[in-house]
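Sharing a structure here in structure tokens format.
Residue numbering begins at 1 within each chain, and the chains themselves are lettered A, B, C, D, E, F, G, H, I, J, K and L in the order written.
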Amino acid sequence: MTVVKSNLPEPALRITGAALQETLIDLLGLSLIGKQAHWNIVGPRFRSIHLQLDEVVAAARSYADDVAERAAALGVPPDGRPETVAAAHSLPGPKEGWVKDVDVVQLMVEALDTAIRRLRERIEQTEKADPVTQDMLIGITAELEKQRWMFEAENHQPDER
Amino acid sequence: MTVVKSNLPEPALRITGAALQETLIDLLGLSLIGKQAHWNIVGPRFRSIHLQLDEVVAAARSYADDVAERAAALGVPPDGRPETVAAAHSLPGPKEGWVKDVDVVQLMVEALDTAIRRLRERIEQTEKADPVTQDMLIGITAELEKQRWMFEAENHQPDER
Amino acid sequence: MTVVKSNLPEPALRITGAALQETLIDLLGLSLIGKQAHWNIVGPRFRSIHLQLDEVVAAARSYADDVAERAAALGVPPDGRPETVAAAHSLPGPKEGWVKDVDVVQLMVEALDTAIRRLRERIEQTEKADPVTQDMLIGITAELEKQRWMFEAENHQPDER
Amino acid sequence: MTVVKSNLPEPALRITGAALQETLIDLLGLSLIGKQAHWNIVGPRFRSIHLQLDEVVAAARSYADDVAERAAALGVPPDGRPETVAAAHSLPGPKEGWVKDVDVVQLMVEALDTAIRRLRERIEQTEKADPVTQDMLIGITAELEKQRWMFEAENHQPDER
Amino acid sequence: MTVVKSNLPEPALRITGAALQETLIDLLGLSLIGKQAHWNIVGPRFRSIHLQLDEVVAAARSYADDVAERAAALGVPPDGRPETVAAAHSLPGPKEGWVKDVDVVQLMVEALDTAIRRLRERIEQTEKADPVTQDMLIGITAELEKQRWMFEAENHQPDER
Amino acid sequence: MTVVKSNLPEPALRITGAALQETLIDLLGLSLIGKQAHWNIVGPRFRSIHLQLDEVVAAARSYADDVAERAAALGVPPDGRPETVAAAHSLPGPKEGWVKDVDVVQLMVEALDTAIRRLRERIEQTEKADPVTQDMLIGITAELEKQRWMFEAENHQPDER
Amino acid sequence: MTVVKSNLPEPALRITGAALQETLIDLLGLSLIGKQAHWNIVGPRFRSIHLQLDEVVAAARSYADDVAERAAALGVPPDGRPETVAAAHSLPGPKEGWVKDVDVVQLMVEALDTAIRRLRERIEQTEKADPVTQDMLIGITAELEKQRWMFEAENHQPDER
Amino acid sequence: MTVVKSNLPEPALRITGAALQETLIDLLGLSLIGKQAHWNIVGPRFRSIHLQLDEVVAAARSYADDVAERAAALGVPPDGRPETVAAAHSLPGPKEGWVKDVDVVQLMVEALDTAIRRLRERIEQTEKADPVTQDMLIGITAELEKQRWMFEAENHQPDER
Amino acid sequence: MTVVKSNLPEPALRITGAALQETLIDLLGLSLIGKQAHWNIVGPRFRSIHLQLDEVVAAARSYADDVAERAAALGVPPDGRPETVAAAHSLPGPKEGWVKDVDVVQLMVEALDTAIRRLRERIEQTEKADPVTQDMLIGITAELEKQRWMFEAENHQPDER
Amino acid sequence: MTVVKSNLPEPALRITGAALQETLIDLLGLSLIGKQAHWNIVGPRFRSIHLQLDEVVAAARSYADDVAERAAALGVPPDGRPETVAAAHSLPGPKEGWVKDVDVVQLMVEALDTAIRRLRERIEQTEKADPVTQDMLIGITAELEKQRWMFEAENHQPDER
Amino acid sequence: MTVVKSNLPEPALRITGAALQETLIDLLGLSLIGKQAHWNIVGPRFRSIHLQLDEVVAAARSYADDVAERAAALGVPPDGRPETVAAAHSLPGPKEGWVKDVDVVQLMVEALDTAIRRLRERIEQTEKADPVTQDMLIGITAELEKQRWMFEAENHQPDER
Amino acid sequence: MTVVKSNLPEPALRITGAALQETLIDLLGLSLIGKQAHWNIVGPRFRSIHLQLDEVVAAARSYADDVAERAAALGVPPDGRPETVAAAHSLPGPKEGWVKDVDVVQLMVEALDTAIRRLRERIEQTEKADPVTQDMLIGITAELEKQRWMFEAENHQPDER
């Protein structure tokens, strides 16, 4: 069933479609991980990090929507079903149960770092394939790098130099 | 690591905790399925159902938050990680790729129907165990039954009697 | 023409459907009576009661919508046509023409009192039949009892003890 | 009991009072019919028409308020009680039970058409009697004619020429 | 100094200009009288009438702006200076000092009644001269007649028949 | 293809339909001319006129929508396609390239003046044909005459008497 | 002086009235304690807890209003005067003077815990007496248990397991 | 435990701290008294005074926050605990049970009058001690004097001269 | 008829009452003068000054309300009737008819300057008599001095040094 | 008349200027075509597509403004006059008269497809000439491709595979 | 070039002008220092202090505007150019590079303390010179003292007594 | 003290860090210069330019925040302290004292032109080094070029060709 005819030529379409599908999975994974930490965090910084995580989740959900609709707009049906997310996402996430605030902060630095590294590769890949998609990935990267900085700054230990 | 001391006695706590964890999984599953359909739907009713699905997703996400925080408030750490959702949710969902509008409507009737049947069982189970949790499950059921009606009314075929 | 398949068994469905249909008629009746008084009230408390009546009407309209859609969600088509409302509603209402403010206040106390007494019976009837519907009726009763108090407090005469 | 002294002479007052009272009944009838259809509609256009009907109801309620308060402002107590509406309104309305979307659209075209024809007669009657009332009736007609067009355009069948 | 060239012919311009200038004075007078009563009212209905008067003032100020800018738009410079308002307005107003609430209500009925009677004459005068101006005067009359009704209904004495 | 059945008799329909179609073209023309001036104006009053022009454009667009939907509501399909606007509109507009602020002000006075003169003729023509349409044209004329006055007042030269 | 006639029979009214009066005192006590801590807290988590306390206070004030008006609606005049609150409330509160952030968190866990335990008893007592009141108490308990969890999670010490 | 170092010298600090603490108690007392009257008022002016009392309470709560945080800002820990309010506030308040509207109005005039007289003394005392605190007390007095006037005007009896 | 008992001693009350009454007249005069200029201004700066004048009028109206209610709060009935404003205000104002923009700017500088000089005298007079009233007059002066600066800066001629 | 000095060198300026002028014409054409379809659409999907078209028009108008002001910012006066739009735009548009909903959807797919193909060429052309302009064109393309997808998905026929 | 004629006599003008110019510099300095800390803070309280600093900056910017426009209103051109700020401001600020959260809190206490001490001197100096300016400085001091308290409370160490 | 680990390699990080730091200084300089002109401008266009300058300042402040946080996100601590801004910014700014409106417009054209030229160089430098940063600089350039055009268009003299 062909629905949306793309005006990107093969293989540009294949590269762009893959970049968008992988980004979708990372963002949906990030939104689920972020909520898991939002609910299970404990420790003296509970409230502050609890609120910050909701901002990450809101951003991840909104970008996931942009990315999935961008794929559809190019004629590539996006796949964000639970089983696909579980099978394909590759970000480190929290263990089951309560998580201490210091561990959440460290975890978010790592999850965001992984997502960013993968996004930067896709920015390069899509430069020629589709500058419109590339521009969207650049915008997402800017936001995730800002979030990573805020967790990294928060992660700085009192006696660290 | 014990964090939140529950004031529900065992086994009331065990019953309530299980009811909340299962509801969480169903709601997260519903939110992912709803978005998948939102992105992949095609057909003459595209716009109308596309918008309706986002209302289901918004409700499912908001209730998932309520339910997970209710579990935490009772001392039961909620589990909404991608792998848990994929392994445990039991709602029927769309196949990969584009989905026709009539199939989406049928699918949502079935997914909501499954979720509601399971919620009604938990309303009975929690009546004695924890009326506060029961009241939350009643509110969720009311909303999902309203959503199911709207898809079912939409599903009525022109020549059906 | 069967449209929405209910997941309530007979006779729970029959009890719940009747409770919702009767509540719908009372609320539509209340909204029409309230507007009639809103337009025809005269006397030194005109402005104060004129505004208060619009709050009753807004509440009655909003609950009528909830109740009718709840009936539909259970597979029972609601009936709120003018002739049905006129034939079936049982609240006392104003006579034709201008009404004095003291009479309006007394009238609203009586109309609300009648509606509440009938709602309380339905709360009992639906407890086993459908706790989701019961919860909705409880919420409506709470609001109407608050409105009744405010008219009753307003009704207190200066020299009454 | 005379309350508001009108500054319209007889028989201008009688003509204008009748025009407003009849318009009030039609608008209250329209609001009840619209809600009835809003709750009982089924078929593939459910959501789209369901929402459109609420816009008709909102307009009808707001205009009914304007018209009733205009009558009161001229010294004519308006009558919008359930029994009056049931006895006096003359718009075609839905039968009891579920209604198919195509039938709802057709019904709304007819109900609006009837209301408009009657309004146009009153615009003529009130031109000399009270230009202030006439101006209000003109505004209501403009809105109802816009609503009728939208249902009529929606009513156009795919194979119609 | 000619600034705005009117496209109304003499004497239509003269009639319309006079109608607007007189209406401007009445509305500015009404806004000052309304505020005077708003500040000086005493008695058991203080709060209710105090608030209602501010709605009259807000309407009078807004219409005064419309009317003055309409005159300017026709090439007639409007005159709303303090001395002109004091010399030319003809509405009954409160005496100096505190005013009892019953007296304020009576006063507003009379002031609005005077303003309305004068507006109705101007509606007739401008019908041929300028239907655009007439339409504005009709709108103002509708609002002031509504305000008059509300004070008149409020003015009804408990033992009046 | 007949879609919307008008309840205006011929020739009232023909007169009204023509009045609306011509008004639509003038308003679309005005909105394009206004934007052209908004972008190309230069001179010491740049910011002030640049902002004022956007208010004209917003009004013209909104009225164009009203007028076109009014035509449709009467059964006359409106025509606002680029080629129709270019061929039929008759308002003076700016030349290509930058335009000095004094010239823009003069130009807007003339364009609005032309549009108003034509609207005033249609107000007369539609008085008997359709008072509902006439009322809409009166409202548009009131706004455009206000806009013309503001540009005319702005156009007054410092040394003019 | 009898004002509001209750439609609850004795002794249901006595049970419900007592439950509401006691809840009112606890909520007013909680709002005063919360503000006291809001003003006197010191330590590295000052800003975070300072803000969180204002959310507790806002909830407590809003629920106190609901509870007091519910008592009035049942015909029981509520008592929330300063001396009654001081004499009757039984929640642990802060000592005079500055309070360290860790102590505030611990204190809020205890105060909320006490309030919740007492609310849970009243939920049982009112189940038969008045399900409308019970539903209100259930809603309050849900919110306070959520607040308790957030303070308890915040209370978790870095080296606790 | 010294937390905030004041930059006011002794005894200016002592005078200012006492003025703020006493004002805090009066304002908290006023907010509790106002709510008590808001819930227990009966009589024909119920709605009007019920709403006015909530404005007094909102103002009293907001100023209490300003005053307590001002004390903290000067290094004086404020004391607003239930027992302190009950022991120290000196405003006349309502008896237990329903209160008639005329009595509520009289009571509010007296309570506000007492609060204002005490505030005026503190304005004098703090003039030299701390003009920043004095300015805050002046602002509170202006608002309370406005509230007192409104209750006093409302208190004027129909036959009073 | 004594209504509001002042807690200012004679002659402090007489000084303060006079200061407020005079300020009221100046502010009402300013609001009428500002509107007159707003409607009659012509010239190349029409739009800019037309908008600025409305900000002056809005401020003058709002302060007039504060000042009149302050007088009432002290037991002095304020007098803002048209004839009082015309007789007592002493600000220079525009002549009848169109006014050139440069003249409007000059006029506003003078009118504001007069109002400010008179306010500054009253600030001195009320310092001892009533610091609460003084504080209000200081706030008004700050705003009017800001408005005067803006007209004065606007008044600077291109070739002035 | 040179007004804005560009800091782009020739021929970069010529390329960029042309790209912007052509985009402006396409967007203005799209906004007029979209409104024409918005007014003339008939068929069972009337309401859904009617609303969707207004979103296209809103986007097209907003981007037209961005593009025209970007041209001006580079020193190139934009040309969006009616005659230029009619002569230069190259998008397929609706015929005169009513248009069936299926035809509107097909038409919008084609019009958007044409606009997008032309935009993609200009993205390449401006990459070296002016990356700032290129970034704006990329943003417009992303939005139009999203709109095209939504019409294309809507265009999918029930029996299509 | 004399622009705004002051109505303060020399030397009151000189004293007031100096007080405002110095306050302007301190506030601009504070806004730059606050932003510097907002960007460079690291440590476990990152998010909490990062947000709090933005509130200080927003207040400082808003007051700087008030103070500069107050100087202009008195005829004294304010000087807030970068070189003036750098040369004249005297608040302690952060070193280059990342700053630990504890150091930021300490720094803000000191910077605010310095600003407040200098403001308190100017409040005394301007009392006679210009009470309008004094009132503005009092308002700024109140806010900065509140900010200082919040940082000081936050600065309290866990083991401090 | 290393805080944020960058994922840009050297020397890309050095190039990007320098570009961001220089942009920060230019934007902070622009915001201070813009405010200085906002306060000190005089002449017949005072109000219009006074308002326009605040839009430039708002944009400059918001972009400065983006740029500084982008630097931090890359691991480069931004430096926006007063002394750094004064020493490093290179935009032309106003002299001390009042500035005539024509001179302000000319000054803003020059300051924006300088900032833009420097930004265009950094867009080239960062293209390879960091496309995410480049995209941010492109967005800032677009806005500043739009602002420059508006001042340049305003700068056009009446007799210029």
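Quick note on the criterion: a residue touches a chain if its C-beta (ideal position, glycine included) is under 8 Å from a C-beta of that chain, and two chains touch if they have at least 3 such contacts.
No experiment lies behind these values; they were computed from the predicted model shown.
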Inset, instruction - Can you give the shortest number of steps from subunit F to subunit K, where adjacent chains in the path must touch? - result: 2
Legend entry - Repeated interface matching C-E, over half of the contact pairs identical, chosen among E-H, C-G or J-L: E-H
Inset, instruction - Return the distance between the CA-based centres of subunit B and subunit L, expressed in whole Å. - result: 50
Inset, instruction - Take the average of all CA coordinates in subunit K, do the same for subunit L, and state the distance between these two points in whole angstrom. - result: 24
Legend entry - Geometric centre distance via CA averages, subunit D-subunit B, whole Å: 41
Inset, instruction - Please compute the C-alpha centroid of subunit D, do the same for subunit K, then give the distance between them in whole Å. - result: 62
Legend entry - Per-residue overlap in subunit F, given as positions that touch at least 2 other chains: 1, 3, 42, 45, 48, 69, 72, 98, 135, 153, 156
Inset, instruction - Throw together a list of every chain pair that touches. - result: A-B, A-G, A-J, A-K, A-L, B-C, B-D, B-G, B-J, C-D, C-E, C-G, C-H, D-E, D-F, D-J, E-F, E-H, E-I, F-I, F-J, F-L, G-H, G-K, H-I, H-K, I-K, I-L, J-L, K-L
Legend entry - subunit A-facing residues of subunit B, complex: 1, 3, 28-29, 32-33, 35-36, 39-40, 42, 61, 64-65, 68-69, 71-72, 77-83, 85-87, 89, 93-94, 96-98
Inset, instruction - Report the residues of subunit H in contact with subunit I in the complex, numbered from low to high. - result: 113, 116-117, 120, 123, 127, 134-135, 138-139, 141-142, 145-146, 148-149, 152-153, 156, 160-161
Legend entry - subunit F - residues contacting subunit I, complex: 45, 48-49, 51-52, 150, 153-154, 156-158
Legend entry - subunit H-touching residues of subunit I, taken from the complex the two chains share: 1, 3-5, 7, 69-70, 72-74, 131-132, 135-136
Legend entry - subunit A-touching residues of subunit K, taken from the complex the two chains share: 41-48, 50, 98, 100, 102
